[in-house]
Amino acid sequence: MKTTDELQQLLTAVAHQEIGVDQAAQQLQQQQTIDDLGFAKVDLSRQRRNGYPEVIYGAGKTAEQIIGIIGSLKQHAENILCTRVSPVKFALIQQVEPTAQYHEMAQCVVLTVKAIPQTTTTIAVVTAGTSDMAVAEEAALTAEVYGNRVNRIYDVGVAGIHRLFEHLDEIRQAQVVIVVAGMEGALASVVGGLINRPLIAVPTSIGYGTNFGGLTALMTMLNSCASGITVVNIDNGFGAGYAASMMNHLNSGEKN
Amino acid sequence: MKTTDELQQLLTAVAHQEIGVDQAAQQLQQQQTIDDLGFAKVDLSRQRRNGYPEVIYGAGKTAEQIIGIIGSLKQHAENILCTRVSPVKFALIQQVEPTAQYHEMAQCVVLTVKAIPQTTTTIAVVTAGTSDMAVAEEAALTAEVYGNRVNRIYDVGVAGIHRLFEHLDEIRQAQVVIVVAGMEGALASVVGGLINRPLIAVPTSIGYGTNFGGLTALMTMLNSCASGITVVNIDNGFGAGYAASMMNHLNSGEKN
Amino acid sequence: MKTTDELQQLLTAVAHQEIGVDQAAQQLQQQQTIDDLGFAKVDLSRQRRNGYPEVIYGAGKTAEQIIGIIGSLKQHAENILCTRVSPVKFALIQQVEPTAQYHEMAQCVVLTVKAIPQTTTTIAVVTAGTSDMAVAEEAALTAEVYGNRVNRIYDVGVAGIHRLFEHLDEIRQAQVVIVVAGMEGALASVVGGLINRPLIAVPTSIGYGTNFGGLTALMTMLNSCASGITVVNIDNGFGAGYAASMMNHLNSGEKN
Amino acid sequence: MKTTDELQQLLTAVAHQEIGVDQAAQQLQQQQTIDDLGFAKVDLSRQRRNGYPEVIYGAGKTAEQIIGIIGSLKQHAENILCTRVSPVKFALIQQVEPTAQYHEMAQCVVLTVKAIPQTTTTIAVVTAGTSDMAVAEEAALTAEVYGNRVNRIYDVGVAGIHRLFEHLDEIRQAQVVIVVAGMEGALASVVGGLINRPLIAVPTSIGYGTNFGGLTALMTMLNSCASGITVVNIDNGFGAGYAASMMNHLNSGEKN
Amino acid sequence: MKTTDELQQLLTAVAHQEIGVDQAAQQLQQQQTIDDLGFAKVDLSRQRRNGYPEVIYGAGKTAEQIIGIIGSLKQHAENILCTRVSPVKFALIQQVEPTAQYHEMAQCVVLTVKAIPQTTTTIAVVTAGTSDMAVAEEAALTAEVYGNRVNRIYDVGVAGIHRLFEHLDEIRQAQVVIVVAGMEGALASVVGGLINRPLIAVPTSIGYGTNFGGLTALMTMLNSCASGITVVNIDNGFGAGYAASMMNHLNSGEKN
Amino acid sequence: MKTTDELQQLLTAVAHQEIGVDQAAQQLQQQQTIDDLGFAKVDLSRQRRNGYPEVIYGAGKTAEQIIGIIGSLKQHAENILCTRVSPVKFALIQQVEPTAQYHEMAQCVVLTVKAIPQTTTTIAVVTAGTSDMAVAEEAALTAEVYGNRVNRIYDVGVAGIHRLFEHLDEIRQAQVVIVVAGMEGALASVVGGLINRPLIAVPTSIGYGTNFGGLTALMTMLNSCASGITVVNIDNGFGAGYAASMMNHLNSGEKN
Amino acid sequence: MKTTDELQQLLTAVAHQEIGVDQAAQQLQQQQTIDDLGFAKVDLSRQRRNGYPEVIYGAGKTAEQIIGIIGSLKQHAENILCTRVSPVKFALIQQVEPTAQYHEMAQCVVLTVKAIPQTTTTIAVVTAGTSDMAVAEEAALTAEVYGNRVNRIYDVGVAGIHRLFEHLDEIRQAQVVIVVAGMEGALASVVGGLINRPLIAVPTSIGYGTNFGGLTALMTMLNSCASGITVVNIDNGFGAGYAASMMNHLNSGEKN
Amino acid sequence: MKTTDELQQLLTAVAHQEIGVDQAAQQLQQQQTIDDLGFAKVDLSRQRRNGYPEVIYGAGKTAEQIIGIIGSLKQHAENILCTRVSPVKFALIQQVEPTAQYHEMAQCVVLTVKAIPQTTTTIAVVTAGTSDMAVAEEAALTAEVYGNRVNRIYDVGVAGIHRLFEHLDEIRQAQVVIVVAGMEGALASVVGGLINRPLIAVPTSIGYGTNFGGLTALMTMLNSCASGITVVNIDNGFGAGYAASMMNHLNSGEKN
C-alpha cells in the first residue's frame, strides 16, 4: 500500500540501519491490529487514537457475544456504541457492564470511557411523523456520541406544511440536515428545496399498503427533484448519524 | 338488470297490453346499441343524449381504424375525443375529417358536432415540471371537451416551493385539483396538505435512475400522508380529466 | 402565502394603523395553530370551524399516545375519528374517554363532540366478497362521521355477476361509489363500466398466491379499461371514505 | 421407460426368438427419431401418425433456418404451423414454399400437406378489445389448424358489459373458451363466472402505465375469483390454442 | 341476457297469455337465486340441478360463518366442499354438522348430501416432492368430490428423473394431468414434453432463497417450452382440481 | 416563514414607520423571484448573490427551451451549467451562445459569466471501470463549476484491487470522495472501509444480465457494510457533484 | 438411454443367450432402485457404491418422516447427512438413532455408517461477518462429510479489508473457495479478484433495509466484475459445499 | 499482504544486505504492474507467465479503445480474447490487427500470440434450444482459448427429452458441464439430476411473456432441486467458460 518510492526509501533506511527491522515491519503492517475472539475478529485499529466510539451492530448477536466484544474493545480504552439492542439484551449486558447507558427509543447502548470534544456547529434531525422517531433517535444519538450538537425537530411532515415552516430557521442554521420520513417520504424533497447544506435522507419502514417496508420512501428520496440530497438505507439511522458526523467535522477542522 | 317487482310490473303491463311488445323489448335492452365494424363493436349508447364526447383511444389503432370509428360515431351526432394520436396519423384523419382539430402537446384530436354547456366552477391542473406538460395537457383538454373550465398552473414543483405558494389561492378556488408530477411525485402530498377539495394525482414517466417509468411517483402518490388524494395510472391524463369532470359536474347539478 | 398585492395592502393597513399589529400577525400566521405534545405536533387548524372530525391514525401509536392526542383535540371541541385501533387499545382508551364509541369491524373509535349535518345524497360502498368487509366498513364509517349517507352493498363480486345486477339501480343512485375488492379486483372495472359517477377503487390485501398483499388488485384497478376510476392505496378504507366525502359535499354545496 | 415386467416380456420374447432383434430395438427406441440439421435437432416423432401439424416458433429464427426445418418436416408428410413470422420473412419463405399460406394478423404461416378431420364442437375465442386481436388470431388459427371449429367473439370487454351479454349464448355453447385480454384483464373473471366449461385466459401486453407489458393482466387472471380458469403466458396465443385443442379433442373421442 | 328475438318471443307469449307473468319473470331472472346471510350472499343457483358440490373458501371465514353458509346450502340439498379449514375450525363445525368428513392433509371438509356418478376416465395428480403433497391433496380431493377418478403419483421430481419414468405409462393413461411442484417447478415442463393431454401446472410455495413463495415455480411453468400447459395460481390446488374436472367431464359427455 | 416574534417585530416596525411598506413586503417575499417563460417558471433566487451556477437539466428539453432559459438566467449575471446535452443540441445552443463551452464526455454545457473562487481542499472522483467515466465526468465537472478542486482516479475496480491501493494515499487526502461504479458496485464498500471522510456512492447503469440498469449497484451501495456512505440515484453524476461541493465548502468556511 | 448400437448388441446377446434375460433387464433398468415409503420415494441408487452420504433436506419434514427415511437408507449402509434440523427435531431423532451427531450451528445431523477417504487438497470457507457463520457451517460440514479438508476463515469482510489480507495466503492455497456474505456481498468480488481458483459465492439473508432477504447480495455476486465466480441460492450452504466437493474431487482423481 | 514473519525475514535480509533494496521492493509490489492508457489501467499481471489469454469486455468500448488495449497487451506477449465485438467493430480492429480471428456466432475476437497446451479432459456445453447458441458459443470459445477440449451438444431441451437421453453418455464423460437455457431453464435441473460432476448453469434472455429477459431461467436454476449446480449471470457465456476452465484445470494438475 505504499508507492515504489516510499518502499525503496523505507527499505533503504533499513539497509542503512537508520530504522530498525521491527519498526519497519510495524509500519508496513500498520493497519493490522485485530483481536480474534473466534466468532469475531475485532478491529482495534479504527480511530483508537482519539476516543471516538467503536460501533457494534447488535441485531444479529447474542448478549454474550456483545459482552465479549465490549470486553475486548474496553481494554483499548475506546468509547463504545452498540445499536439495535433490545431492553432484554441490555439487562444482561448491564450486569457485566454497569456503567453502560441505555437509550430506549434509539435501542442503543453507550459506554463512555473517555469524553470527546463537542462541535460548535449543529446537525438537525427532522422527522415527518411521530412513528419515525425511533430511527431519528438512532441517528441523533449516533451523532451525539461522535461529539456533535444535535437539534431534534420532529413531526413536521408535509401534510401540514406550516409546521415545517415554523422551524425553517432552525433547520437552516444547521451544518448538516438529516430528514427521516416514512410513508411517501416527500419531506426530504421539500426541505431539500429550502436549504443550501448537505441533506441526508433516511427512509423509514413506516407505512402500509404499497409502502413496501420503506421502499417507496427510499425511491422518492433517490428521485428527489431537489439537489444535494444523498440517501442511506431504510431505517439506517446509524448510517445517517455517522455520515452527518463526518460532514460536520469537516467544518470544524477536526477529522472524524 | 331489473328487480323482480319491476320485471313483473313490466310484464304485467305487456300482458294487459298497456305497453307494446316492441316497447317492452326495447326497455329490456335499453343499453344495447352497438355498431359492429368487424374490428370493433362501437358502443353508441354512452351519453349520446347530451352531446358529451365519445372517446377513442388512438394508441393501438391505425389511422384507418380511427377514421372508421369516427364515421360510425358521427352518424349519431356525437362529439368525439381521440387521444394519443401522432401528428402523422392526424394528417391522414384530417383528409377525411377536415373539421377535426389537433392539439399537438396533448396529442389529441377533437371533433365538435354540437356545443355543450360550460361549468361555472373550475378544475385546476397543476404540474411539477415542464416535462409533465404533455400529460397535463391531455388532462386539461379532456376536461375542457367535457365542458369544464380549466386553470393551468405549470412548473411549480417542490424544489422551489415558493413558486407553488404564489399560486395557492388559485388552486384553492378550484372545485377539483389535478396534480401531475414525475420524478418523486412529492407535489401531490404538498398540495393535498394545503387544500380541502378532491385531488386527483397523475404520476408521469418523467425521470431517470430508479424512477422506473413513473412507478416511483405512483407509489409516492398512493402512500401520500395527505388525506383525500386519489390516483390514476402513470401518464393517464385522460383518466384524470374524465374523473375530474365527473366530480366537477356533481357540483353544478349537471350529470356527466 | 399571500400575493404581493395582498401583502402590501395588509402592511399598508398596518402602517396606516387601520389594523392592529396583533391582528395582522394573526392573519399572517392563520394556519399555524399547533399543540406540541413532545411526541407529536397536533394540528388544531384543520376544519375546526365546523365540527368535522380530526383523524388519528392509530396503527403505530400506543393507547397512551392516542389518549394524549384526543385530550388535546377535545379542548378545541372537535369530533374525533381514530382508525386502526385494536379492541385491546380501545379498552384502555375507553377508561379515559367513556363516551368514545367503538366500531369493531372497522376497528375505529369515534368521539362525537358536536353533531354535524347529514348529506341528502348517498355514497355507495360496494364489496366483492365477505372478506373485504373490514376495509369497506372503515370507508363507510369514515364517510358517515363526515356527515354522508352511506349505502352498503356487500358480497357482489364478479364470480356471480347477477348478484351485482340486482343492486345496480341502488348503485346508480349514489353520487359517489366506492368499490372495495381483493383477489383480482375486477369488480371495479365492471361497476365502472355501468355508472356515470366518480368511482373510488380500494384494493384489499385479501387473496393468496400471487395476490402479493393486494398489489394485484391495485394494478388491476389502475389499469381499468373503464373511465372515471381513481384509486387509493391497498386497504386504505379511510382514504376512500374521506375522498368520497369531499366529492359528495361538492354536490350539496357544503364544503368539506 | 418400460416397467420391469414389460422389459422382461420383451427380452424373453427376444430370447425365445418370438420377436426379432431389430424389432425389439425399434420398440425400445420408439420415440427417438430426430433429424439433426446442425443448428436444430428436428423432432420427427411428435404426432406424425395423423397429420397433425408440427410447430415452428419463428421468432428467433432466420428465414433460412425456417425454410430448412420446413424442408426436413415436409419429407415426413406433416402439416406445418409456423408462428411469429413477419411479412418480410414470409416473402422469403414463399419463394421456396409457394403453397405456404400467410395469416397476417396472426403472423402465422400454414403449410397443409394432408387435410385433417374437423371437430363438431367449438372453441370460442373472446377478446376484450380491438388491440387484443393479434394474439386472439394466433390462438384461433392454431386451434383451426389442429382441426377445431372456432367461434371468434371480439371486442366485448367489461367497460361496456352489455356487449358481452349479447354474445353469452354463443360463448356458453362452446366446449372450451379462450379469453384474450390486456389492460386489467377483468374479462376472464366475468366470463368465468358465467360459464361451466374450461376457460383458458391469455393476458396480452396491451396497455400502458402500470400494465408492465401484460403482467397486470396475468396477475389478474391468476387471482381470478371465478373457478375453472387456467392461464398461459403473456401474448401466448399459440399455447392457448394448442391447449384448447387438446381439451376439445377429449370430448370428440379423438386424441390430439 | 337474451337476444332480441328471444325477448320478443317471450314477451309476445306473455302478451298472448300463452305464458304467465310469473313464469316469464322467473325465466328472466333464472340465475338470480341468492340467500342473503348479511355477511354473505349465498349463491344457490350454481349447479344445484345435479348434486355437484358448492364450494366454500374457508380461509378468511370464522367457524361460525362457515356453519351458517353450510346451513343455507344444505336446505337446497347440495353436496358441500369447504377448503382451507384448520383442524381447530373443523372441530367446531363437526359439533353442528356431525356427518361432515375432514381430510387433514388437504385441509378440506366434505359434506355429502347426495352421491354423484363417477367418471370412467382418470385425472393424474403428480408431485415433484413430498412437501408438495398438501396442495396436491387439495387438487385430488376436489377432483374426487366432483366425481372424477384420481391417480396420485407423488415424489417423482426431476432430480431423480427415473422415478418419473417408472410411472410414465400411468400418467399417459390419464385424460388430464395435474403437476404440482415447488422449488424450480421443472417437472411440469418434463411431463408436458412426454404427454399429449391437457396438463394443469400448480406452482407451490415450497422452497427457500429466491423461490419467493412460489413465484419462481409459477414463472417456470408459464414459460414452459412444452406445449399444452396451462397454469393456476400458487398453491391453488382447488382451482386445478376444479378445472381438471371440467376437462375430464368434457370427455365423458357429462357437463360439469 | 417567520416566527411570531419576528413577524410582530417586523409589523411593529412597519406600524412605527421605521421600515417602509415596500421593504417589509420584500422581506416577506424574499425568496420569490421567478421569471415566467410560459413553459417554465425560472427561479432567479437560488444563490444569485455569489456567481454560483444555476443548473438546467437538459434531458427533456428542446434546444429552443434551453436557449430560452439561458437567456433569462444570463440577464441576472449567473453562471450556468446545463447537463445532459447531446452534441447536436449543443451545436444549436452555440449558435446563440457562442461563449458556451461543451464537455463531451460529461455531456454538459458551461457558461461562465463571472469567475468564482476555488477551494483549497479536493474532491476525489473514483471509478471502477472505463465505462463509468461518463457519469464520473458529470460529477467532476459539476464539482469544478461550483469551485472545487477535483482529483480524477479512474478504472480502479475491485477485480484488480492493487490498482486501487496504488492510489489510496491520494484518495485519503480528499475531503470528500465520490465513488462511481456499475456492475456489482463493490468498489464503494472497499473504499468506504479504507477512508474516514464522507463518501458519496453513484451507481451506474453499466452492466448486463441482472444488473437491471444499475439497480444492483444501487442496492449494493445502500447495503454497504462500510459506515459513512450515502448514495444518489443511478447515473446521477450531477447530484453527487453538487452534494460533494456542499460538503467541501463546509470545510473551507465558504457556504455553497 | 442407450444408443441403437448398444441396444442391438445387448438384445443380440440375449437372442444368442450369451446374457440372461434377468441380467439384461437389470442393465436396462440400472438406475431404478427406489424405496417407496408412501410419502416419499427414497432414491437408493445415488452413489451407494462408495459410502458417500445421502442427503435429507429436513426443513419441510417431520421428525417422524426423517426417521423413516433414515431407516430406509441405513439398510443400504449409506452415510447420511440431514440439513435444516432444529434442536427439537434432533432430540426426537436421537431417541431412535443414538449414533447420530448434531452440529448445532450448521443445524445438521450426520450419521456415519462407513468412513470415507479424505482429500489432500483443501476447500476454504470464507465469511464476511459473524452473522454469516450458520450458512458457512452448513457449507463446511457438507464438504467435510463428503471427505474434504476444510479451512474456515470467518469475519474478514471488506469494511476492514486488512483482515482479509492477513489470510490471503491461506485462501490462495485452497483448491476451491466458498465465499459466504450477506449485506452487500462485496467480499466475493474482492476475493475473486485475488485468486485463480473456482469461487462459489453464497449470498446470505443477513442484512436489513433493502437487503431483501439476501437478494441484494445475490445480485451483487451474479454481477461481479471478477471472473470465475459462480453462485448458489440465498443461504444455500449445502449446495455450495456439495458443488465445492465435486470440484475438489476432480483434482484428487476421486469422483464424487 | 505478507505475514509478520515473512515481512521480518524479508526486512532482516535487507538489513543484512543479503538481498538488495530493489529486489525487496519488487517482491513487495509483485502484483502491481499496470499500463495506464488514460481511459484504462491495463492489468499486465494476470497470468502473463503462461500465455493464458487476457480478456477485454468489448461491449462498452469503441474499436479505438479496444485496439489501444490490444496494443498494450501484445507488448507483453499475451494471447487476447475480446468478447461482445460486433462485426462492424471487428472490421476496424482487423485493419490494425490482421491476425485477429473473428468468431461470429460468439461475437468474439481471438488473438493468439503463443499456443497453450490443451487439456485431455472435456467440458460439455449443452443448450436447450437453437436460440441459446450465441451464449453457448461464447462459453465454448472461452473454454477453448483457455486450452480446454469442448464438446458441444445443442438443442436438447426438455420439451423432447429423448433428444437429451441420446447424448447422456457424452455428457457424463465430461469433467464439467455447462448448461445454457432460456425460456423456463428446466434443462439444468434435469441434467443436474443425471450427472455427478460440477454443472454451471447459464440462463439466457431467450423467451417472451414473463421470461423477463432471462430472470425466470435464472431463478429456476438458482432454485434447482438437483445438487451441485452453480449459476452465472444471464447470458454470461464468458463467465461460465472461464469458471469451467478453472475447474477443468484442477483435474489436469495444471493451474489456470
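Think of it as A, B, C, D, E, F, G and H in the order they're written, each chain with its own count starting at 1.
Everything that follows uses one rule, which is that contacts are C-beta pairs under 8 Å (C-beta built on N, C-alpha and C of every residue); 3 or more make two chains touch, one makes a residue touch a chain.
In this text the structure is predicted, and so the values were computed from the model without any measurement.
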Could you figure out which pair among A-G, A-F or A-B mirrors the D-E interface, over half of its contact pairs being identical by residue number?
A-F
Copies subunit D, subunit G: same or different interface, half of numbers shared as the threshold?
same
Roughly how far is subunit A from subunit D, centre to centre by C-alpha average, rounded to an integer in Å?
60
Distance from the CA centroid of subunit A to that of subunit C, rounded to the nearest Å?
39
Measuring from the mean C-alpha position of subunit F to the mean C-alpha position of subunit G, what distance in angstrom results?
50
For the pair subunit B and subunit C, the C-alpha centroid-to-centroid distance in angstrom is 24
Touching two or more other chains in subunit B are residues 160, 165-166, 209-210, 215, 218, 222-223, 227, 233
Pairs of chains that touch, anyone?
A-B, A-C, A-F, A-G, A-H, B-C, B-D, B-E, B-F, C-D, C-E, C-F, D-E, D-G, D-H, E-G, E-H, F-G, F-H, G-H
In their shared complex, at which residues does subunit B touch subunit A?
128-129, 157-161, 183-186, 189-190, 192-194, 207, 209-212, 215-217, 219-227
Within their complex, state which residues of subunit H touch subunit A.
2, 4, 7-8, 11-12, 14-15, 17, 21-22, 24-25, 28-29
Which stretch or stretches of subunit C touch subunit B in the complex?
1, 3, 47, 55, 165-166, 168-169, 175-176, 196-198, 200, 218, 222-223, 227-233, 238-240, 242-243, 246-248, 250-251, 253, 255-256
State the interface residues of subunit A toward subunit C in the complex, per the touch definition above.
130-131, 133, 154-156, 160, 162-163, 165-166, 206, 208-210
Can you list the subunit H residues touching subunit F in their complex?
31-32, 34, 39-41, 43, 45-46, 59-61, 65, 214-215, 218, 233-236
